[in-house]
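When the chains are written out, they are named A, B, C and D in that same order, and each has its own residue count from 1.
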Amino acid sequence: MSARIQENSKLQASPEAERRVRESFARQGLMSTLGATITGVGPGAVEIALPVSDGILQQHGFVHAGAVSSIADTAAGFAALTLMPADAGVLTTEFKINLLAPAVGDWIVARGRVVKAGRTLTLAQTDVFAEKAGQERLVAYLTATLMTVSGRDGIAD
Amino acid sequence: MSARIQENSKLQASPEAERRVRESFARQGLMSTLGATITGVGPGAVEIALPVSDGILQQHGFVHAGAVSSIADTAAGFAALTLMPADAGVLTTEFKINLLAPAVGDWIVARGRVVKAGRTLTLAQTDVFAEKAGQERLVAYLTATLMTVSGRDGIAD
Amino acid sequence: MSARIQENSKLQASPEAERRVRESFARQGLMSTLGATITGVGPGAVEIALPVSDGILQQHGFVHAGAVSSIADTAAGFAALTLMPADAGVLTTEFKINLLAPAVGDWIVARGRVVKAGRTLTLAQTDVFAEKAGQERLVAYLTATLMTVSGRDGIAD
Amino acid sequence: MSARIQENSKLQASPEAERRVRESFARQGLMSTLGATITGVGPGAVEIALPVSDGILQQHGFVHAGAVSSIADTAAGFAALTLMPADAGVLTTEFKINLLAPAVGDWIVARGRVVKAGRTLTLAQTDVFAEKAGQERLVAYLTATLMTVSGRDGIAD
């Protein structure tokens, strides 16, 4: 595993969007359980990195499709959140993920971006890479529909 | 949370299929990290249960779509494995999941079953329920394509 | 090709739902272009049949995935419509289809049913069969998200 | 409707790939029934255009999701075919399409490209635009899995 996580300096959101995404991410118990970290927030874009460890693998020693999906969905959802009204929350309504190659390496990195932001529904797409010794390989491709939720108790970000 | 996990007595696989699935499941670090358990293995069918705890939630207090997907994909994959040749391993090539309602409750239960088993590709479908005080509610619906992998080093189940 | 299309007598919707679906279907130019017919309307369920002819094939002589999808999506959408308020219209927001076997035969039959009806979004699932000499074979499996649209000019069913 | 279809001059495949795709496309009865045309073939990329007419609409006057899917799937499949061995044929095993906006305009244009070509499975992605008075608007986003089929009677392209 790399000694440390590098921030993606190309992603530069407003301070408000940056804070909003990082605070909501910090409330996700699953991200903490998996050991994932946000490494970049931009307008309509979010990057999340996950160090590879035994606790996220499947039976053949690859990173489990569920762990790959977890950070890919989260990157898509927060990418969408950066473009939503301040009083709204975000929920995933569906996603599809194609697993393109065994997820093997030091880090798994998910880069989500908004394809089209709508009033109610937003489409986002996430590329997931496995990084090994500084080389990245595309291992998964996710598309997700995110819903803008307003005025519902307990759903705000 | 319920005091204990109940086995699904309707699922009755052959002893070989039962052992094959449970041994492969036991090698999945992610299932152990999440706290998931197999509660039933049948011919072309597998059930997995996950107790709800803070470590699998998202920011609004619902079970994270990634955790729901993790057990739903695993149930689909092992359901497919029960019908595969003894020397083969199983890999997910893609899945779609629709999140139908907030996943809130004591347990999350995923019931996967094979829709059509092919030589190379198998389609499986998983219903995911949230159980609270003995009542079940459908919260997610997954379809997955599983590949039968033969003769590849390190991929056997 | 069979001499005639048989109605599915198991599907029995209310006269209002039946009329609503059949009138909306009759306004779909694509269904007429393909030659598709409604063969059943039930509560939360619709069946559509399509006779196989050269004009709906792909390059290997199978029914084109696009034609299969067209009737599968339509069956899902109208199944959802049977459960929607009288002043609402239905729009598909996404669907996934798995093609399970070459679509070869006399008729292609799509059977859609609602999995979960929500206020805004409904999930429906369609099985598609190829019928040849009275035998049916499952050739495709679709899941679709349908949106209930109210108060938008021009979108009513 | 525009007076004529413009070729996409940015797509430049080898003469062999160009011929292979156009000949296979010409054998698709459905494309002819819908009125679709190939407007570009590149390495790992194909563009298809469809003039809007009553015969491809749904009940609200938008282009039917089935017609949109038909050309989007075809563009994805032929994009994949350009990278396949000469003796292989292509089959779609699954696709998901997100409908992002009503498909209204003079032409519907689908631009497919390969995301990752594998030995057995290839992932392709298609953007679909509605063109009106020279302006394009993204109306749909498809991802498809294509299978390379070798040595099966009747499946060659």
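By definition in this document, a residue touches a chain if its C-beta (ideal position, glycine included) is under 8 Å from a C-beta of that chain, and two chains touch if they have at least 3 such contacts.
What you see is a predicted model; the values in this text were computed from it and never measured.
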Could you tell me which chains are in contact with subunit A and with subunit B alike?
-> C, D
Mind checking subunit B against subunit C and telling me if their interface is mostly the same residue numbers on each side, over half, or mostly different?
-> same
From the centre of subunit B, which chain's CA centre is farthest?
-> D
Take the average of all CA coordinates in subunit B, do the same for subunit D, and state the distance between these two points in whole angstrom.
-> 35
Separation of mean Cα positions, subunit D and subunit A [Å, integer] = 30
For subunit C paired with subunit D, centre-to-centre distance based on mean C-alpha positions, whole Å | 22
Can you tell me which residues of subunit D touch two or more of the remaining chains?
-> 93-94, 96, 98, 145
Quick one: in the complex, what on subunit B touches subunit C?
-> 96, 98, 100-101, 115-116, 118, 123, 125, 138, 141, 143, 145
In their shared complex, subunit C is touched by residues of subunit D numbered 24-25, 27-30, 32-34, 53-61, 64-67, 69-71, 73-74, 89, 91-99, 154-155, 157
Touching subunit A in the complex: which residues of subunit C?
-> 93-94, 96, 120-121, 145
